[in-house]
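If you scroll down you'll find the structure; I have some questions about it.
We call the chains A, B, C and D, going by the order they appear; numbering starts again at 1 in every chain.
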Amino acid sequence: MVVILKQGVTKTQIEEFTNWIQQQAEVQVSAVYGAQTTILGLVGDTSAIDIDLVSSKDVVETVKRVQEPYKNANRKFHPDDTVVTVAGDRTIGGTQFSVIAGPCSVESEEQIIEVARRVKAAGATALRGGAFKPRTSPYSFQGLKAEGLDLLRRARQVTGLPIVTEIMSLAHLDLFADVDVIQVGARNMQNFELLKELGHCDKPILLKRGLANTIEELLMSAEYIMAGGNHNVILCERGIRTFESYTRNTLDISAVPILKRVSHLPVVVDPSHATGITWLVEPLSKAAIVAGADGLIIEVHNDPGHALSDGAQSLTPDQFDGVMGEIGRTVDFCGKTL
Amino acid sequence: MVVILKQGVTKTQIEEFTNWIQQQAEVQVSAVYGAQTTILGLVGDTSAIDIDLVSSKDVVETVKRVQEPYKNANRKFHPDDTVVTVAGDRTIGGTQFSVIAGPCSVESEEQIIEVARRVKAAGATALRGGAFKPRTSPYSFQGLKAEGLDLLRRARQVTGLPIVTEIMSLAHLDLFADVDVIQVGARNMQNFELLKELGHCDKPILLKRGLANTIEELLMSAEYIMAGGNHNVILCERGIRTFESYTRNTLDISAVPILKRVSHLPVVVDPSHATGITWLVEPLSKAAIVAGADGLIIEVHNDPGHALSDGAQSLTPDQFDGVMGEIGRTVDFCGKTL
Amino acid sequence: MVVILKQGVTKTQIEEFTNWIQQQAEVQVSAVYGAQTTILGLVGDTSAIDIDLVSSKDVVETVKRVQEPYKNANRKFHPDDTVVTVAGDRTIGGTQFSVIAGPCSVESEEQIIEVARRVKAAGATALRGGAFKPRTSPYSFQGLKAEGLDLLRRARQVTGLPIVTEIMSLAHLDLFADVDVIQVGARNMQNFELLKELGHCDKPILLKRGLANTIEELLMSAEYIMAGGNHNVILCERGIRTFESYTRNTLDISAVPILKRVSHLPVVVDPSHATGITWLVEPLSKAAIVAGADGLIIEVHNDPGHALSDGAQSLTPDQFDGVMGEIGRTVDFCGKTL
Amino acid sequence: MVVILKQGVTKTQIEEFTNWIQQQAEVQVSAVYGAQTTILGLVGDTSAIDIDLVSSKDVVETVKRVQEPYKNANRKFHPDDTVVTVAGDRTIGGTQFSVIAGPCSVESEEQIIEVARRVKAAGATALRGGAFKPRTSPYSFQGLKAEGLDLLRRARQVTGLPIVTEIMSLAHLDLFADVDVIQVGARNMQNFELLKELGHCDKPILLKRGLANTIEELLMSAEYIMAGGNHNVILCERGIRTFESYTRNTLDISAVPILKRVSHLPVVVDPSHATGITWLVEPLSKAAIVAGADGLIIEVHNDPGHALSDGAQSLTPDQFDGVMGEIGRTVDFCGKTL
């Protein structure tokens, strides 16, 4: 950690500050004195130091971390890839590539079972479907809730696919007891109370990056879960908010190799939410694979009763068949197995 | 609502779509046929229509709302300013200007009572202080929690100032029973389960804009609370995330007159969090007042035991005295009273 | 300047690097050695050091500037406010407040003279009008060019108002010989060849911030002009590009007090382009004044032949009269004169 | 084009507006009347309509384009891929994949010839190198200018590689007479006077997306060049400015398939500038290829005299050899040839 002090700070103030910082953590402090500026270098374990607290000291101009503020999620301390076990016998991470597919919302038994069958036949490794839906408007459909979870379980029974579904409140935690992977949505990435609670279970958590959150903040949210003891965290890049309006969000493809380098956790990419555009799912899925992703999460919808419906961002099962062909070829090219 | 259809859509498909949309809401649909494009105009009460669902129909190219998707928060349906009553005898909104001041975190009884006394003496109308603290890192101080709420109550007893403090989870709701104003932080602006729950109490809610949320999304989150029956919502602009790095966030000053025009709810501005820089609090407070804000929320910190500390974004009580002088002059200039 | 070295760098490499850096500038280099990290503190005049070149050295992890990279524009070296003289007898900056008003484009002699008369009568201190227009589409009206400059001169003759107009290419520089203030638009803020050329004339330059440029980059572009010898630079905040779509851009009101603090140059604000919305001009103008701006640049349009036209972002002369009333009151409140 | 009119607009005003719009372009106007809103649908060739002018009419609430505002660059009117011929016998676009490599700046004859030899040996198809350098600071190295162009020519003579280099001002156009591909940098993407001039030559133009420019704006800038008669435009995605600070910019990978779909022009990707990080060049190059890019532009630097230097974003020739291996494999996987 490097601390740049304000102009005119006295030797006594520097000593006082040095004593204070050494009460916070076991660090050595060395000073570089300039005509206009004094710079302090802090070496040792600085992860316990609250950078905001240091910034708030009135002798301090700015502070810069040299080391990452996350530990459990940091590859430096865990050089090997984490492979998360799902539903007993499946894994996410390592040389196994995962494709989690299914509808945005669970709507009916027919729908979810039909989609589950189709995505399984196409090669998907898990079923996604929303029972609790975060919607911008209170007047929009909020999901089938507990009933939706029931329908997912039936689809699992029929197809054998593990189920991935989003939690929106720790009040619902009991309902998720036999869900295979609990998803934390982008809007809850910094719902710290929820993260802490999920740190006390041992279920795999699929943690989506918030729309305006940095890569480091995503890792700090993973750290919240891991600090509680649950190391089964899967990171998910799903697009960030920028000025570009052609796509709903901007897929930050660089986040994939960066997350893989700085962390040991598996990384999946959601091209459906990142762009909101069906025909972008195939090229972005391929881009994610060659960039090093461990899996994809893709929206697939089926609505035989409403022939008109196929979803601006949801693929039909037939379209998904085609995309899976390309995904399979690309996974193979990268030396992984689907 | 305007729906632009895809090229090559048939008359039968248009009829099917029209029938479907008229099952969703009582609207009249008129079509404009062009060589390449067909445009449908939907007139009537479109607020019940789920725009995402419409977009997902495969005949649809794009959809554009003409009317706002919020009703309870909409000035069109409530032309008069809402004035929120706080702690029985005080108000936020109208010609009364509010200054909510206090420390980022409640740290000790001495601290919070001393700060409360000082901000009251300077003219503040409410005391803020965090008991539950949303922190990016699990290793940072998370607040005194229930004990912090106790200390706030004591500070209220001593000074008579109503207290404003942040809730982070609906699991803590009981602890907030006698808090005067419950704050929903930027990171929880779209924690919809929390918003729904707050819609069932009658306490004033100070709702902060999320870092990457639009003005319309802020109003939709207010709508969640209001749809539940609680109309005591105070909106708060506190800066958005942009590429500019000089300030922590970018205060969107335009949001103030926009929110005042499109909504009837009171609007307060938080210059401390918007910028993270002490010396910007005064000019931005003045800007907020003349732009039409109903109040300010300002960080003031006092730490006599650690003379070094004055906070990068927190004013000392002495600095706050100076800022309040300018705030008072500006409120007066705008024909309001403090 | 603080240089953080990569792990595993040897003493010899540090010596080599230190020698190299001392060939670049007269600085003292002190090292802080840690178990994992070595930090170098560089003190002295670091403005001549090319930070990109330093970053590119393979021993370097990251570099952080402690001092600002701009000199001529820096208040540290020029504590007094710069007051720019315009057209011989008028000034921008200091206790004089400026209002530059006029149409987006010069369209005809009648139009520009009528608008000039009206804005002068309302109290404007200069006339703006575009002769060369930067348009996103090659099929949009590109301005009257040389003829537009002629018409501006006639409007100056009739009203006595100095004229402010945008240059788009150094090939046109001769045409601007008797323009009073040359405007560099947002899209040309980093057209460095144009900036260098403008540094060799002695005319006031109104430099607009680019849509995606930081405050520091704006000052570096001012530095390009000033390094050439022309110190008559007026900075202009006109909104930055963000995800918010209610307004065309997001006015960064914090930029006003920041620019006034770190630089001695006058700062004007353009609320018309920042928002693209007429009714926001008044509240944002007032916000800019109390935040410390030295002037405003406002679009006013008059089109008697087309009664329908009043401009989404242009005020009519009648509306401008009303806005000027509020501007006058606010300038007076701030102890300046219009 | 859909025009939504303001509430309370009269029939006479609608007629006046309709007459006016039909003077602008040959369009049919149909109206949909609602209780609160009137919607006009404009069908026909709307590309000649200035959307800003329409928005500025006081009867207009908002306007929405249905058709793209670009024609020459639009795939709808040119279904086949454009293949740009470079230096007589090479091509960019189609099934041929291009790799343009070389140093950020031309520094010396030895440097540029050595790098040219190495990148050619590794399989690059063109040599890049900056002679005129856009630098944020006037105190940074601005390039060797005319001498740099000479050195590029010598490197071409030695290796046979066509040369790609950036123009910063139309005043330098003569110097670029025998350059093979003229690059327009991100900061000049909306330097419309420069674009117009380049439209009058027949040289291939590599047009880089601006840091804060949308995909549509990039295409409109291509349209400026093409409207002048020069159809040899190569589009380049090189990262946009967002809040994420791990990378210098955020590579918008979605822009690749979008540009390929909506336009017929070749698209290249610059992973070096997009991220500023050497080790991201390989994964992002592969991502760009599978997403459909026609080429890459990569920084490679060689500085044998300064063993310390290898560039934060520049690969060494040895590193480039490795990256080219992966690029070759991926190009082959996509059925193209290098």
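FYI, contacts are C-beta pairs under 8 Å (C-beta built on N, C-alpha and C of every residue); 3 or more make two chains touch, one makes a residue touch a chain.
Note that the coordinates shown come from a computational prediction; the quantities given were computed from them, not determined experimentally.
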Path length in the contact graph (chain B to chain D, fewest steps): 1
Pair sharing more residue contacts (C-beta pairs) when B-C is set against A-C: B-C
Whole-Å gap between the CA centroids of chain C and chain D: 26
Inter-chain centre distance, chain B versus chain C - centres from mean C-alpha coordinates, in Å: 32
Computed distance of Cα centres, chain C from chain A, in Å: 40
Residues of chain D engaged with two or more neighbouring chains: 212, 241-243, 245
Touching residues (chain side chain D, partner chain A) in the complex: 212, 214-216, 240, 242-247, 250-258, 261, 274-275, 279-280, 283-284, 286-292, 329-330, 333
Residue ranges of chain D in contact with chain B within the complex: 2, 4, 28, 30, 32-37, 39, 41, 43-44, 61-62, 64, 66-67, 241-243, 245
Sites on chain B touched by chain A in the complex: 13, 16-17, 20, 47-48, 50, 52-53, 55-60, 69-70, 134-142, 168-172, 187-188, 190-194, 196, 210-212, 217, 220, 223-224, 227, 241, 301, 306, 308-314
